[in-house]
Structures are given as C-alpha cells and as structure tokens.
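Every chain is named by a letter (A, B, C, D, E and F) in the order it is written, and numbering of its residues begins at 1.
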Amino acid sequence: MERFDGRRPDELRKWSLVPNFLSHPVGSTLISCGGTRVVCAVSSEGRVPPWMKSQGKSGGWITCEYGMLPASTGDRMKREAASGKQGGRTVEIQRLIGRSLRMCADLEKLGENTLYIDCDVIDADGGTRCGGISGAAAALAIACKKLYPEVDPFKQLVAAVSVGIVDGVPVLDLCYEEDSRAEVDMNVVMAESGEFIEIQGTAEHGTFSRSRMNELLDLAEHGLKQIFALQRECIEAGLK
Amino acid sequence: MERFDGRRPDELRKWSLVPNFLSHPVGSTLISCGGTRVVCAVSSEGRVPPWMKSQGKSGGWITCEYGMLPASTGDRMKREAASGKQGGRTVEIQRLIGRSLRMCADLEKLGENTLYIDCDVIDADGGTRCGGISGAAAALAIACKKLYPEVDPFKQLVAAVSVGIVDGVPVLDLCYEEDSRAEVDMNVVMAESGEFIEIQGTAEHGTFSRSRMNELLDLAEHGLKQIFALQRECIEAGLK
Amino acid sequence: MERFDGRRPDELRKWSLVPNFLSHPVGSTLISCGGTRVVCAVSSEGRVPPWMKSQGKSGGWITCEYGMLPASTGDRMKREAASGKQGGRTVEIQRLIGRSLRMCADLEKLGENTLYIDCDVIDADGGTRCGGISGAAAALAIACKKLYPEVDPFKQLVAAVSVGIVDGVPVLDLCYEEDSRAEVDMNVVMAESGEFIEIQGTAEHGTFSRSRMNELLDLAEHGLKQIFALQRECIEAGLK
Amino acid sequence: MERFDGRRPDELRKWSLVPNFLSHPVGSTLISCGGTRVVCAVSSEGRVPPWMKSQGKSGGWITCEYGMLPASTGDRMKREAASGKQGGRTVEIQRLIGRSLRMCADLEKLGENTLYIDCDVIDADGGTRCGGISGAAAALAIACKKLYPEVDPFKQLVAAVSVGIVDGVPVLDLCYEEDSRAEVDMNVVMAESGEFIEIQGTAEHGTFSRSRMNELLDLAEHGLKQIFALQRECIEAGLK
Amino acid sequence: MERFDGRRPDELRKWSLVPNFLSHPVGSTLISCGGTRVVCAVSSEGRVPPWMKSQGKSGGWITCEYGMLPASTGDRMKREAASGKQGGRTVEIQRLIGRSLRMCADLEKLGENTLYIDCDVIDADGGTRCGGISGAAAALAIACKKLYPEVDPFKQLVAAVSVGIVDGVPVLDLCYEEDSRAEVDMNVVMAESGEFIEIQGTAEHGTFSRSRMNELLDLAEHGLKQIFALQRECIEAGLK
Amino acid sequence: MERFDGRRPDELRKWSLVPNFLSHPVGSTLISCGGTRVVCAVSSEGRVPPWMKSQGKSGGWITCEYGMLPASTGDRMKREAASGKQGGRTVEIQRLIGRSLRMCADLEKLGENTLYIDCDVIDADGGTRCGGISGAAAALAIACKKLYPEVDPFKQLVAAVSVGIVDGVPVLDLCYEEDSRAEVDMNVVMAESGEFIEIQGTAEHGTFSRSRMNELLDLAEHGLKQIFALQRECIEAGLK
C-alpha cells in the first residue's frame, strides 16, 4: 500500500517541537506534526473555579481552551468569537485535552491556582487534538518547573497520536486526506509509563473488531515512543 | 467485593424498554436502566442539513439532541434553555449518540430526510448516554419500519453500556455512586454483530493497562448481549 | 353541537395525577389532561434571588421554568437549549405559572430558600399551562409538607383550566384542535376558596362581550371543582 | 379614600397624544399618561414572517417590539441590547401589544407586508403597556390611512387601561406607586365597540371575587371611553 | 456650491438643547441638530466596575451606552435588544462618547460612583455621535452640580461636530444625505479651551492631504464655538 | 529623554515581515513590530454580503476579523469565543482594519467575491492594530496578484503606525509600556502616496493642541516611509 504522502503504515509524519514560542506565558511551545501546527501555551491564574470550593476540593485545577485560526483550514472556517459560540467539535476537543493534561499533574501540589492550557491551531492538516495534547504537555512541564521550583507537581509526560484504518489498512498518524476517508479513527492518549489515559475509537463507516483494535493500539505505542523522546528534548531545551 | 447496590461485578442493573411512550413522534421509547430513565424519540423532517447539499452528499441524515430535566439529578441542574447554551458535557454526549445511531442506518435509503433523535433524561443515576443510545436505537428501528415499509434503511441494532474500574475491580453498568469514584470509566458502543462502533475509555485517576482494557471489553460484551435481547422484544412489541 | 372529541361543552377531558413521579425532587407529579402530559417537579435551594436582598425582602421565593420536549408536538419543535434562547411563549407561560404558585404559599414561612417549579411537557394536546399549574400545585403541596413539617407554608390549593369559544359555543378544557380554531381563549387560575388568582382572556378573532365572559367563568368554575378533588387525592397518596 | 396623587377612584390621569412625533416612520405618536411617556411608531416592510408562508397564510402581519430607555425608571434599568437579551416582562408586554393591535386591522388587506409597531418608553410611571397599546393604535390608524388610501385595513380603534384594587378600593389608571402596592392589577384591552379584546387580571396579594372583577371592568369602560375620544382627535390632527 | 439643504459650507444646522427632558435621571437633555434628535441622560450608581478595584484605581467612572430607536431611521433598523447584540457601529460610538465625557470630569472627585451616560437617538439625520457628545456633556454638567454641590468634579465643557469633504468642498455639520456621499468624514471632539480631545478622520473614498485636514479643523473650531454657547445656556436653564 | 527601550523619539522598533506564513490562505504574512507579532491572512469566498445585493452594489467586498490569542498578553485574556462575544475593543479594531484595507483595492474589480482579512495577534506589545493593517496590506497585495493575474484590483499600499505623547515628548511607534502611560495616542493610516486614509487621535489624559498634532503627523510620516519599504520587499519575496 502506498499512503497519500508516501509514508509506510507505521511511520509518523515529521514532528517537531519549539519551546518558549511566545513571550508572555510561563510555558509555551509550537508543535508541528506534518502540515499541522499548533501554538500551545500555559498560563497560571491565582484562583480556582467556583465549583471546586462548593464541592470542597482543595488544590488547583488545569483546564484547556482550543481554537483554530479561521485561515488554518483549506476553506476558511467561521471565527467562533464572531459567531458567538464554540462549536461542538471545539468543545469536545478542549475537554479531551483538559482531561489528558490533568493526568500529568498532581493537582493537590498546584496550590490554589488554575493552569490554563491554550491550544490554537495555525495550520490544520489532521491530528490537531493529538498535536495539542503532545505540545501542551511539553509546555506544561516547562511551566511547572518554573512555577514550582521546590515541589514539582508534574508527574509524568503524556502524549497522543491518531491511528486509523484507511482503505482496510491500519496506519499511524493520519493526515487530513487520510482522516477524511478513514473507516476507523482512533485517538490514543498515553502516559510515559506506557499505560493509557484515554482511548477514543470511532467507526466512521462500518464497525471494527477487537483484533483490529489491537493492531491499532500497537501502531500507536510505536509512534508515541518517538513523540515522548521529542518532548523530552524540547523540555530540556526550554529550561536552559 | 460488594458493589454499592449489592450486584455482582458482571451484573447489569434492571433494564426495561417501553415502546411508543409518546403520542406524536413516529418512534419512541422509555428506557430504564436501574434508577436512570430516558425518553427517546425519533421524528422525521423532510429536508437535510445545508452542509450536505454544499458538500454534494445525497441521501438523508440522522442527528441527536440530548437534554436532562433540571430535576433529574440529586441537586437540581440549571436548565440549559434558560442559561442560553448547552454545556460541554451535553454537546459531547449528543454527538456520540448521533454518530452511533448513524451506524444503524443506511443513510442513502433515508431519502432527503433528517431523522431527529431526542434523548431526554427524566431520572439520572449514571449511564444516561448508554441508556440513550440503547433506547434510541429501538425507537429508530420502530420508526424506520413505519416510515419505510418498502426498503428498510435500518441495518442492524446498536447498543451501549458502561464499564469501569471501581476500587480496583472491573465492573459492568455503573450507577452514579460507582461512576463518581471510578478509576476508569469506559463506554462501549457495539453493533449486534459483536463488532465495535465506538469505544471511549478514560482514566479518571491514574492510568490503565491494555490487559485491564481487555477485561473491561469482556464485561461489556457480556452485558450488551442481554441489552440486544431487550431491544428486540421492545421493537417487536412496538410494531404490533 | 358535537365537540371534536365527542365531549359535552361543559365536560373535562380525562384528567389524572400521579404523585412522586421522579426520584430526586422533593415533590413531583405527572399530570395528564386528555392527550397532554406534564412532568412537574419542585426542588428547594438554600438561597434566594439577589434582587430580594437588594430590595430588603425577607422570606423565600418560588419561581417556575417551563419547557416542552421537542417531540411533544405534532411537528417536532426546535429544542430551546439548542437554539440558545427561550421563546416568547415559554417566557410568558413560566411567568404565569410562577405567579400562580406563589399564591399557594406564605413566602415568609419558606425561610431563605427558593423553590424551583419545573414543568416539562412530554405530550402536548392543548392546555399545557393549565395542566402545569394544576400538577405543580399538587407537587408543591407534597414538597411543603415534607420540607416544613412544623409550620406548613402551603396556604391553599390553586388550579387552572382553559375555557373558550369554539364555533360560537363556550366550551371547557380545549384540546389542541379546538384551541387552534377558538374565537376566544381564556385561562382561569383559581384558589380552592373559589376566588380568582389570574384570568387571561384573549380574543383570537373578533371581540367578546361581558356576558360571554361570564358564561366562560361559569364553565371554568365547574371544571375546577373536579380538578381540586383530583389534587387532594394525589397529595394524600403522595404523602403516604 | 385619598389616592396617592389626589385623584378620585374613577379618574384618569392626564392623558395626551401627539401625532407624527417622529420624522421617518409612516405613523407615530407620543402618548403621555400622567408621568408615563411612550413613543409609538409604525413602520412597513414589504415582506412577511417566514412562518406565514410555510403555514400557507396569505395577507400581511402586525408585530410589536417594546423597550424602555434605561433612564426611564427611578433606578436606571440595564439596557437590554447590552445585556444581550430581552427580559421576560418585555417579551410578555410586546406579545400583548402585538395581539391587541392585530385586532385593529384586517390582515388580509395589508397585502404581503409586515407592520412593525415600536413602543419605546421614555418616562415610566405605571401603565406603560396600556399607554403603548393606546398610542400605537392611533399611530396605526394614521399609518393605514396613508399606506392604503383605497382599501383601509384599519377596522376599529382599540385602547387599553389599567385598573386595580389598592388598599381595598377599586381604582382606575394606576400610577407606579399604586401599582407597586396593588392587591389586584388588571389590564383591559377594548375595541371601540365596547367589547373586549384582552383581559389580564392578576392577584398580586390574595385573591379576588367575581363581583370585584365586575367593578373593575366598569371602571375600565368608564376610562376607555375618554381614551377613544383622545385617539380620534389625535388621528384627525395627524392626517391633516 | 449649493449644499443639500441650502446652507453655506461653514454653517451649522439649527441646533437646540432642552434641559431636564426626562423625569427620573439626575441630568438629562434633548438635543436637536437639524433633523437629528438625541435623548441624553446621566444616572449615578453607587459602585464602580470590578476592573477598577482589581487594578487598584480609586475614584469613580463614567461610561456610555448608545442606542437608536428602530424607527429613528429612514428604513426601520433592527432592534438591538431583539437581535441579542449591539452592532459594531454602536459599540464604536458608545466607546467614543464615553472616552470624551470622561475628559469632562475629575474621576477622582466622583467618589466610588459610576455615572451612566445614555444617548438614545429618536430621529436620525447624520451627526448622532456628535450630537450625543454635545448633549450628554450638558446633561453631565447639570448632574454634577446637583450630585456634588461642594466639590464639583466637572472640569470643562466638551462638544463635538462633524466636518467632511463633499463633492470636493469642505463643509461643516453634515446631514445624512451629505454624510452618505462624503469623500472624507471627520468627527472633532474639543474641550472648551480649544484643544482637542479626539479626532477621527476617515477617507470614505480616496485619500486626503494634510492641508485638507487643516481646512476641516478650521471649520470644526468655527462650529464648536457656537455649540459651547448653546451648552452654557442649557446648563444655566437646567439648574434654575 | 531616554525611551523605555532606549530608542530615539523618532525611531521605529525592529519591524519584519515574513510572507506566506500559513499553508492554506491565498495570501498571508507574519508581521513583527518589536515584541508584537500578528498573523495576517487573506482568504477569498465566492459571494458578497447580503446587504450589497439589497443596496444594489456591484463588485466585491473586503472585511476584517481581529483576535488575540489568550496568552498573547501579560495577564492571560479571556478567549472571546468562550465568552460568547467579541469585546468593544476588538470590534473597533477590526472595523478600522477593514476600512483601511478597502482603500487598497478597487472593489469593482474583485468580482462577486469577499476577501476576508484575518489578523490574529500571537504576541502583544503595543501597536497591534497598526501591525495588523501593515501586515494585512502586504498579504492582500500577494493575494490579489495570485487571484487576479489579469486585472489587479490592488491599487496602492497602505500602512499604519502609532505615534503619541509620552511624558510630554512626541514619540514614534509606542510599545506597551509607553502606550499605557501616554497622554495622547494617535494611529495614522497612510497610503503610499503620502496622503491619509484614517487618523485617530485620542487624548488619554488632558487635551492636545493643533501644533502637537502636527508634530505627531511628522513623526508618523517618517516611520511610514520605512514600513512601506519593508512591505515592498515582503511582497516581492512572497510572489517568487
């Protein structure tokens, strides 16, 4: 099988991670995954959401907001700020990223602070939510080291990659063209330990068997090892 | 291990399905899963979303809207119509139900019609999204038989159940109390064929291994077989 | 004259009231008035609207929210939560129900609490606002007895019924078909004492004289006596 | 009994009607009822609401929008345009005015046009909705004569006045001070023929008997005769 | 050159200012500038915006809200309260008026109060923002004298006028017809001292040179002297 | 005088312009002005706003949307898409950019197309609106050359720069620190011909004389000449 962009089924696109891409936030990265680019930023605010207090929860909170520049896609998207609401896809993605990132950190050690993760897509070519998780985790690691020099609340890295079945073949790290005609689309969020944090597998056409699912998870693990290595490099460079 | 409500780990709560619960819609059910009750309705409208035309797609469409009565939960929830927007959880759930139901039907055979699935929770005790999928699939089967007596677009049943890890033990069909302290929470959407349509597994605390995941999928399959049987009975009764 | 559904002009449809229909709220009913069914719930929250404080009012508050399931009507209605605002009819109805229910209770005796009345129509066939008032009053009586075992703030029952002029004839308790071609439509809200709480009479076509109005009020009184009896039974059963 | 402003129980405040108060709309008035002033305007637009077409209704439509200048009340009100939605009271009032005005006109004769009635309160001292109806009816009469010189769709005048029970005494045309402590508040909308178009009576504290209601309707008729005379003068002056 | 309404290029339209036009607010005017009429009101509220506290600013605040009655224009405008948001033009204008008015007052001397300026256009014929500034400044002067009899926070008058280039000729105080075909449109906000507070010059077609700009500023100064005189008269009359 | 960052009063910050910064839109740039960075994109859509048709205008349209990444500022800003509306400052800026850019092009030659200008600030340090105009003009020049190889609708370059009075001294190209304590703040939008397109001068504290204004315009002209040179280089590079 020949993939759309000539890759082998188990081959990642070219990924890179630039640390400290923005001036103001305490941690930030620019992540590129093939044609996809996402600006990831971590900002700290000295208070927690009101529901934490009313539920008697101590410690801090981590939450994510996700957006796409209108010109990040082939046909210009409507600007969500102008249309007055975030679409369902946006809401779904930012909730996934937020949940995944909270697994990186010991919320108790954050103190009464909220860490805002902003993932803004400037070029979109498939895999923006996985890029967002992977880029934001690196930014969060940098931010935690800076904000908490004594007791680092950062527990372990988390990264994500998409896998899917395209024309009957399981493949790793789908680009937009592949994504839009995949039979099955799966996003795998994993901790550096090799255990799962979140798995979302969706049949876009038809159904998928348990053995197919296992093949996809193997591919994901293969790709994620490489992404963890890139994150570690980026964090080290960003803290120099 | 003793479960909160005395069940064995692999035991479903009491499920039941009442067909034709509402007067007006072409298909409807009231599904009960333990203390959870969801009114599911299917209505047909003779047009399709504008994006289908602009993307050159023929056939029909199936979409879902989900809501909870404010008094369906222990503490009264804010009414989403009054607060002026649907929350993130609502959006996420109705997208999941819509995707799952579309797998039940051959959209091409629907003609230029949209089938609206409305899932309204009147009592909530965990598992409302899985109840919604399972109840709506039965309502959709009834509706399709009535609307399309010649060429039934209904392909195969779909049902969903939650599984999770509570106090270290994999369990089936979590009630609210279990759900709120689960380490891992997974919703499994399956076709009657036994293959998957959607899997969403989330670590709420910590991470989970691939072997744990396999145990959870086994439990889900076990429960889903029983739910498919209930659906078949309900559909038969509803078409008499 | 033959009515649409064969009733005499002064005949109610079949009404019934199920107490404690929901699991969570302190008081709830399912009221059926012919083909109309409304779920009524009363929930208590330990605070009052901010304007009460700023206006120096002591005691508690009672407020109502009204909604219709999208599939409760012949043609599916748009979900108000999805369209982002409550329509004018909804606002008008929930204000009427709230005002009427506040007359049931001695707000001073509620303490610093708000009682939320939720009326959600699951099947609509005319008279939903009157059904809502009548069902919610029974739910409120149950709730008050439970919440305030010592000094019951519940003062007296309130019920409502619609009357109108259809094809020139004054009739009681209009179904949807009658309502949509009535010349005059009137909703009468009455206390158990026989005095009025609210009267809203509207000419839909033409105008109406004072003597016509008196005939309509006679019909309403006749129907309301029967509804008060049903409420009393329901409350008694609900408190067992 | 001495009323707040020294009037007899059956005495109107000082009412006046200035025709053609605005430059642009085809019909307009400034109505003063004691300390209340409302600018009423009628504008024509060459199309009808989409629902008329989809329901197969021919002819035109009349609709009303109501607003209050923020500084029209004792304590400044929030501007509804700034808070992003119209409040419940606004919605209720504009629906009442719209319904009442539609009774003035033969919609069939309007052709495929919508007449917008705008009622904007610049000074508020009770009775703004009744002032709005009365002022808008005069503006509508002027507009219809100008827009339809051949077949006047204007059928008959409509006017409205408030009545109520204050300190146990039925009184006509309540000012703000009376309105805010009234036991019963009733708005009576009447056609020039002396028959009713809409009656809305509300017990603000306690309940009211049928005989009390009859006393209130007598007062209203007494006041409305004087208002019809003012309207006729205003229309005549406005058409010169 | 003959102007649309026969004026000389350096001639103002007929301006007038009525003090105390409304009953409730502490300061108010009705300003007329040719066919444009704006109701200006100043209301005081005993608190300041939250951002002032969080930025550690002492003293008070002045802010403006601007609106147009739907029937104030030739073709009826949509009511912003009904469409659920203020348009861009409205936002731009109310920010300009608010900034200009703040220059009138010593915010420190206001105490912890917000003065709300409401400018509501009842007839529009060009120059509504300049009319609003000029009318509101007079209302503010009256309000400050009444609210602060001891230490007047009112520093100096501010007024505004439009100038522009129409058919190649610089003209003063454009009416709507001129405004809509002007090549350059400039709003000049000036303090009584003769210095500028805000200048906004916009090329609507083509560009403009520095010498053209100087001619426009000369015209504006000429008109503003007359407007300051009218303001002084109005304030004096309003305080009697 | 020593400026905050050591520049002379008439010295620009370091400006640079990267062409074709994004993958999808037909024209794009990344503009840096000192610490400010703005992504500018131009996208074409084959239709025009509805009001153009209803006003009988032929040709095309150019409009702008402006946004800031939440982490672009020192304290994280609220995401406008999440809060459900664009703030007043955003609206004001995007209207200014849109107006300025329309002066670059002969709208008649665009055909029935809308060009969307998106300016998204990724790092903010003062002067974002001027950076947006200058960067977007270069992107628009590139886009027009590509979209209209035959009859270029691009007429002439436009650029903008801020000037102001800080501590009594007129200075060019204010950074955030200077901007926040400036007495006068002025944005000058100029065509390559040296004539003005828009001038917005605002006294933030006190007032300013005409001679001060002339000094500011001299500074602006001096800076704009350099910016036009950078734009020409960027366009040339972007079209290679």
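Please note the rule applied: a contact is a pair of C-beta atoms (placed from the backbone, for glycine too) under 8 Å apart; a residue touches a chain by one contact, two chains touch by 3 or more.
These figures come from a predicted structure and were not determined experimentally.
Two chain pairs are in question, A-F and C-D; the one with more C-beta pairs in contact is A-F. Put simply, the chain farthest from chain A by mean CA position is D.
Note: centroid distance chain A to chain B, computed from Cα atoms, is 27 Å.
Put simply, the C-alpha centre of chain C and that of chain F have 58 angstrom between them.
Across the assembly, chain D contributes residues 84-85 that each touch 2 or more other chains. Taken as a contact graph, with one node per protein chain and an edge wherever two chains touch, the assembly forms a single closed ring in which every chain touches exactly two others.
Chain C meets chain B in the complex at residues 22-25, 28, 35, 39, 41-43, 45, 65, 67, 69-74, 76, 79-82, 84-86, 90, 116, 118, 120, 122-125. Those residues of chain B that touch chain A in the complex are listed here as 85, 88-89, 91-92, 94-95, 99, 103, 191, 193, 195-203, 206-210, 213, 217.
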